[in-house]
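See the structures that follow.
Shared between the two complexes below is chain A, which pairs with chain B and chain C, respectively.
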Partner chain A sequence: MTMTLSLGLGAGAALFCVGLFGAMWRRDAVGALASLAIMAAGAGTSLASLSRFESAARTSGPVMTVFVIVVAAAEIALGLALERRARRPNRREWREGNAV
Partner chain B sequence: MAAAVFLLLLDAFLPGRSRELALIGASVAVVAAVLVLLAGRGAVSLGGARFAVDGAAQFARAATCALLAVFCLWASGAPADAKVPGRAISLALVSGAGALAAAGARDWLTLLLAVEVATLPLVALLGAGEGRDEDRALLLPHLVASGAATMTLAYGVSLLLTSSGSLEISRSEVHGAIGWLAAALIILGLLAKLGAAPLDVPARRAFATAPSWAVAACVSLPRIPVVLALARAVEVLAPQVPSSSVALYGAGAASMAWGLAGAFGESDLRGLAARAGALNAGFVLLALGAGGAFGLRSALFYAFAYALPSLGLMLVASEEGPALAALAGLVRRRRAAAWAIVVFSMSFVGVAPTVGFLGKLHVLGGALRSGATWAAAAGLVVSVASAVPFGRLVRSVFSAEENRREPLEGRAVAATAAIAVAVAATVLFGAATGPVLAAMGLALS
Partner chain C sequence: MPDIAVAVAFVSLAVAALCGALATVLTRDAARVSFWLLVTMIAVSGALLVLSVGYVAIVALLLLAGAVPALMLLAALSHSREPSQGPRRWLRLAVSALVSLALGGALMIAILQARLPSSSPSVPPLGLPELGSALFTRWPLAIIATAAVLLTVLVGAAGRGGRES
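Take a look at the complex of A and B:
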């Protein structure tokens, strides 16, 4: 199959819509955060396709893709940190539970 | 940003010195405000990112620095049970640095990154208090909503690049359906960052268990630069999209109605702050619907008129408790704090002589000037109806039943000074109408 700009933009749109749906409807933290990554992948796919087929976006496309991925990674890292902190057992209860 | 890193290191090596760190933060913010006002206007390129400082950017930057200084000053004198940790001051400074960058961003990539730096630390700030670990799970929907807004903005920019071939904001061109979709996604992403309806719902849940001082920072610090970014996006993109003015007025009226409907049932000031955010976003859209320089000026001034009393009100709530029941009979315990709440509430409703009155006058005047009488009428009705939730707050403060509590321990004069500055600015900017309008016209020319 030949890669075309329309195909790249279509794949980007599909990924973005799937990610947006997941971000709105998923109730579990990991699922919702993964949806953000899928949205970022949608934007990244569109930008990468543009840089491949449009001379005006040859430099700006990949640079922006990298930054979008970095931003998504920062969001997901903070989300996972909050989730981990929320699930951490209460320190006092933990100490009392483990006291000999 | 350097000051934020420095404070983070100081907090690690000198724990328990949060008051001193807050005082350093306030000093840094004041110096930054003075530098912003003294620095000339022009374009700067920093590490490939393009910034341009014009009158609007200068106003947004100076106002953000002033709000940051008030927040840090209050933190340096906060009572013992509302102590702000050093890492929270550091996060507020990082957010302030992002806000300053967002105000001057001239290309979409810089704008995207700056808005993210201005808003992401505030999610961490909401969880920086001494609350229960389980409550931090409530921050996740807010974080996901904020992340989805950023990704919507990024996807909109990628589509705009298809349409115009340039990342420079002023050179953005909207062609065909893809261009219209790109413009809509960019404006939606920035609106979501402002907490427009219905995204005030996850914000309200996140605010419900967060300390009031963290809510104070969230609703005030990034507000003015994000409104400026939205105004710039609308200024460039909206004229190229058919019927954009009607869409802006319609979305504004819907956000105002949503925010107001939610505010009626609130009995907690943190929830009211989230609802007021949606209400404010509606008024900003009304201002931008007028278009041109007048629309940008009124949106920017209204953002300031909202951020200032929001900060002041939430700082008082940090000391006395955010629930309306906790504020019952406050006038007998702390007369000055009670009158401060009255002034902030008047500003929210838009009663003269407060900054909120002048802000709403600008917005509704712009809607009338552009011929959208129905939008002006909707704004007026919402303003009058907003007297109900804020009137309930004032009634609680002056109620005969008193919520008896111990005197505040460890509260220093800096906290009083910070709230006094917020009250004085709320009244002065509203009372000195002529000089303020003249200065605004000069600054934003």
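Take a look at the complex of A and C:
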């Protein structure tokens, strides 16, 4: 048993597909955004595997992985903030609820 | 580290990550989703460490395994009620599973049929000075574009929140 590029790419592809399934199936924001994080992790695993085996991707693989991770984390934080903001009652609803 | 040890460690961590990902996707409780996501991301960070990209593993550990599950736990604590799946739940489940399996099958066939190197890697691992130098000399435009995108979505979220409140 040796470490091959197919092994790394296969693991990344499997993680990406599990995340895709969750992103399509889940309706709640937490589940859907967690699935997006899994998809980003799968892409990062594939890019890191490429950088280990292909000399052309030796530098670009880790750099792209860092970009993918940073953008995915920011996107999840923004999605959760927007979802929380959308669920919060606005000022008029809050006044009407406390009027009595 | 011997090549067989690297392969065994990577396969173990990849299996752990896949099991954690499946549990994340299939669990309905939002608090448990953040726990299983933490397990998944720790396994992915370990796999990145095995692939000799230590700096990227640390970034993944800090962001994907540290910040994201904590944010999700906070969101789960604020409202734990999951929206109803609706009348077409089983149809959506079938379509999602079908699309994911089709894409996964196509990717696996492409990986198996491609002429990929099957020997042990001959590429030397990338050091941190080299990575930093590459980030700020070969990809400065990508860093600026990422910063611009993050700033744009931050301003957009603040503007939208201000109009809604």
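Quick notes
The rule we apply is simple: the second predicted complex is superposed on the first by the 86 of 100 C-alpha atoms of A that agree within 3 Å, B and C clash if a C-alpha of one lies under 4 Å from a C-alpha of the other, contacts with A are read in each partner's own complex, and residues count from 1 in each chain.
Throughout what follows, contacts are C-beta pairs under 8 Å (C-beta built on N, C-alpha and C of every residue); 3 or more make two chains touch, one makes a residue touch a chain.
Fair warning: this is a prediction, and the values are worked out from it, not measured in the lab.
For chain A, the partner touching the most residues, choosing from chain B and chain C, is C. In the superposed model, A:Val66 lies in contact with chain C only, and not with chain B. When both complexes are overlaid on chain A, the residue A:Arg52 reaches chain C alone and has no touch with chain B. By the touch criterion defined above, A:Ala43 lies against chain B but remains apart from chain C after alignment on the C-alpha atoms of chain A. By the touch criterion defined above, A:Ser6 lies against chain C but remains apart from chain B after alignment on the C-alpha atoms of chain A.
With both structures placed on the common chain, the touch criterion links A:Leu82 to chain B and to chain C. In the superposition on the C-alpha atoms of chain A, the part of chain A touched by chain B in one complex and by chain C in the other spans residues 9, 16, 19-20, 24, 29, 33, 35, 40, 54, 60-61, 63, 67, 71-72, 74-76, 78, 82-83, 85-88, 90. For chain C in complex with chain A, the touching residues are 3-4, 6-8, 10-11, 14, 17-18, 21-22, 24-25, 28, 30, 33-34, 37, 40-41, 44, 47-48, 51-53, 55-56, 59-60, 63-64, 67-68, 71-72, 74-76, 78-79, 82-83, 85-86, 92-93, 95-97, 99-101, 103-104, 107-108, 111-112, 116-126, 130-131, 134-135, 138-139, 142, 146, 149-150, 153-154, 157, 160-161, 164-165.
Chain contact summary for the complex, chain A toward chain C: residues 1-11, 13-22, 24-31, 33-35, 37-38, 40-41, 44-45, 48-49, 51-55, 58-63, 65-67, 69-78, 80-88, 90-91. Here chain A touches chain B in the complex through residues 9, 12, 16, 19-20, 23-24, 29, 32-33, 35-36, 39-40, 42-43, 46-47, 50, 54, 56-57, 60-61, 63-64, 67-68, 71-72, 74-76, 78-79, 82-83, 85-88, 90, going by the rule given at the top.
Within the complex formed with chain A, the residues of chain B that make contact are 109, 112-113, 116, 120, 123-124, 127, 132-137, 139-141, 143-148, 150-152, 154-155, 157-159, 161-162, 165-167.
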